[in-house]
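If you scroll down you'll find the structure; I have some questions about it.
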Amino acid sequence: MDYVIILYHKILNEELTLSKITTPTVILNFKTYLESSGENALKLAKALENVANESGITMVAAPQTADIFRINDETNIPILAQHIDPISPGGHTGSNLLECLMESGINGTLLNHSEIRMKLADIGYIVKKIRDNDLFSVVCTNNIETSVAAATLNPNFVAVEPPELIGSGIPVSQAEPEIVEGTVAKVKKINKNVEILCGAGISTGEDMKAAMDLGASGVLLASGIILAKDPQSALLDLVSKI
Amino acid sequence: MDYVIILYHKILNEELTLSKITTPTVILNFKTYLESSGENALKLAKALENVANESGITMVAAPQTADIFRINDETNIPILAQHIDPISPGGHTGSNLLECLMESGINGTLLNHSEIRMKLADIGYIVKKIRDNDLFSVVCTNNIETSVAAATLNPNFVAVEPPELIGSGIPVSQAEPEIVEGTVAKVKKINKNVEILCGAGISTGEDMKAAMDLGASGVLLASGIILAKDPQSALLDLVSKI
Amino acid sequence: MDYVIILYHKILNEELTLSKITTPTVILNFKTYLESSGENALKLAKALENVANESGITMVAAPQTADIFRINDETNIPILAQHIDPISPGGHTGSNLLECLMESGINGTLLNHSEIRMKLADIGYIVKKIRDNDLFSVVCTNNIETSVAAATLNPNFVAVEPPELIGSGIPVSQAEPEIVEGTVAKVKKINKNVEILCGAGISTGEDMKAAMDLGASGVLLASGIILAKDPQSALLDLVSKI
Amino acid sequence: MDYVIILYHKILNEELTLSKITTPTVILNFKTYLESSGENALKLAKALENVANESGITMVAAPQTADIFRINDETNIPILAQHIDPISPGGHTGSNLLECLMESGINGTLLNHSEIRMKLADIGYIVKKIRDNDLFSVVCTNNIETSVAAATLNPNFVAVEPPELIGSGIPVSQAEPEIVEGTVAKVKKINKNVEILCGAGISTGEDMKAAMDLGASGVLLASGIILAKDPQSALLDLVSKI
């Protein structure tokens, strides 16, 4: 579990900054809640930073695109985009260009979340572009089969999340532990460089411990933390059992 | 031509700032060029600001989402998003929530650009949400018929752009003047509160003058300015004939 | 209510056949239920034909694409596609070309159903192509505003269906009568050639009568009939009050 | 090369019919050309049948959905859909349900063609559903990496087609032979049950021979045959060198 992924993150094309994303890893997907937008996004990012400092565990923020610049400016935690459009520079009104997001401060991106599933060819394109830029990719998947398919594309992480459990409050590690175990076993067999995250329904220390015990290298969270009365306490509880 | 649109722009839900977008209006769609991303986006926004100050003509920036916060922080020009997803707050990973973009500093948005066409129901939803928030909407359209349909939804502007001329360097005001004239005539008949912008192939002072002579209230620009050797000079030329 | 729409339907580009679609009109959207696929689709089309013959009311089938040829071959009722892709002949693997569907026997098409919403530009393109081929278009919409926008494109019918009532069993004519009345009033004001259909939750004779009383020229049905124990009886009941 | 795939094809859920798709295999994607729609689709299917009978080589038709029933009725060749929507029975207006296409006579389907790319999760869903129904799946891909990812999902065939060569008339077997060879090598390493087809720019006997020499089990064709002056002669030439 002490596997270390080293990220070189080019800021403004001028200098290289070294970020370490160590496992266990906690990634918080901010989605598009009011509780995680604008000023609230900044507060949430600072809660992640506080808990990372206190616990020594890597806490990663995945905020909305409009909030990336400011969070990068005011905190010191790794940042992922929630999605990157499979485009090269040019005429793509309304899309998010990787190069632009890099200047804003991302260290990588989520891809293929169940709320914005991507075409196979586009996942292949962006995972490669992310790797070529020494950034960090987390491909979300819905079952063991698609986890294995995604793993052949060589992302850093696969985050397996049965869609019916997302936002349910029922942790996948309890409801369908065989999916997490099966994903770990089959993904590692095909590509041992890929780490597995456990998503969907995770919010407590028990959930996270169960996920790690099943072989996951970390967790992907969202509403369970964002909508908690006190997100920072919820994050502290999350990492309390490992 | 001295029609004035007054915008109330809520910053951080705390105070109201008054922006005036007067016609003639120049809107620069930054798209996703490297020349209009990150640091370059900021330079381009400052060029717009300089030309606005010099000419007294409203110059509006429509940058990528990741650059909005910074441009709002460092310049004083109106900012449009290039697109807004038709969502309400909640679980919509990878989307851009209007409320989040408002906190970043937008005064409104482009909608339905030919590079990111929208469903009719979604245009209706977002145009209404934009109006309810005292922001500013520009619906792009491809011909007279869809311009009239869009105008019934009561946006502030319709920007008519025959798709085959976008990025062509051939100005619509020259190639198909009857589309601009026809759009002005038929849109004004159905909804006199909607102003018409002329897009596609516009880059010079001649083009802009021709557009205004056909009844347009302004222009929507992109690559002709973004890729110019000296964008600020190109913008000065653009407004030199009116 | 005796308004008559005359359709010329070109079969195999060889001869013209005259179909009359008179109002009141009943359109049954077969969707993709097993109860309305293949052999079952044929049975359902025959039930429509029987009720049309018995009642004198126009009954229209909108089956899945794969079932159109056979239903046209074995029944004598008007047929609509459920959707037509906005393409011209060429390389569009997996799409449905209007010209191909015409050879299979369609008299027109549904467009923009809530389960397959279309882009504004695409609705404009297909409504025009349908009219140019003397076929029949029904544009589905979600509220008064988008109904008016759709009506400016000059389809034969607008079918207004509040999405939250689709498949609910709660008839729009009862739950939100003001939407039907408002759509009739505002659409007729902007384009008196467009007839209004009432969709969402309609299944009984009471529902249909209420819809007609609100100014609709007919109804758009689906699960209420398809999943009925005896669809033919359900259809007979539907038209029993007018 | 004498590898045999046996297909059980359920017709009307009543009886099982045995189809043999032997390699080498020729699949003709009819796309949406007028030359391959309606009556012309039937003629093209009969040309495929004639050449299959004459050459002993399996010739498969992939017509538009509206033409499947008739081609199945009037010819004796295997039929693939061009695409199947990732849905289960229910409310999915405008989609094509697998169960409905099976009743119309398909033996399987193309999936993820470059003109209708699919999401990874949807490819996984449909490939499994196809296999569960003893049908035949051909997943199109754009390069070696996505071919390997697709192969882990266990379809019958992967058809690799560099998008820039599709419809170009330049055969992939000549322009980028390393893509075909690399796909064969890497796919067979990960899943030896998957056969590789060579697509993009193939139209002559030379092209097909080259494809087979690179390890492909057959070819996926389209405009090179459909738009030929005499498609039947073109098909005879195609299989003349093997």
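To keep things simple, chains are lettered A, B, C and D as they appear, and every chain counts its residues starting from 1.
One rule holds for everything that comes next: a residue touches a chain if its C-beta (ideal position, glycine included) is under 8 Å from a C-beta of that chain, and two chains touch if they have at least 3 such contacts.
For clarity, every value in this text was computed on a predicted model and none was experimentally measured.
K.L.:
C-D versus B-C: which interface comes out with more C-beta contact pairs?
P.N.:
Result of the comparison of C-D and B-C: C-D.
K.L.:
For the copies subunit A and subunit D, give the interface type as same if over half of its residue numbers appear on both sides, and as different if under half do.
P.N.:
Subunit A vs subunit D: same; shared/all numbers exceeds half.
K.L.:
When the C-alpha atoms of subunit A and subunit C are each averaged to a single point, how far apart are the two points in Å?
P.N.:
A distance of 45 Å separates the two centres.
K.L.:
In whole angstrom, what separates the CA-based centres of subunit B and subunit C?
P.N.:
Chain centroid spacing, subunit B to subunit C, equals 37 Å.
K.L.:
Distance-wise, how many Å sit between the C-alpha centres of subunit C and subunit D, to the nearest whole number?
P.N.:
34
K.L.:
Identify all positions of subunit D at which a residue touches two or more other chains, and write them in rising order.
P.N.:
114
K.L.:
If every chain is a node and every touching pair an edge, decide which shape results: line, ring, star, complete or other.
P.N.:
Shape of the chain contacts: a ring, since each chain touches exactly two and the loop closes.
K.L.:
Residues of subunit B touching subunit C in their complex?
P.N.:
112, 114, 117-124, 128, 141-143, 145-146, 148-150, 152-153, 190
K.L.:
Quick one: which bits of subunit A touch subunit B in the complex? Just the residue numbers, please.
P.N.:
My answer: residues 12, 29, 31-34, 37-39, 41, 64-70, 82-83, 87, 89-97, 99-104, 110, 113-116, 166-167, 222-223.
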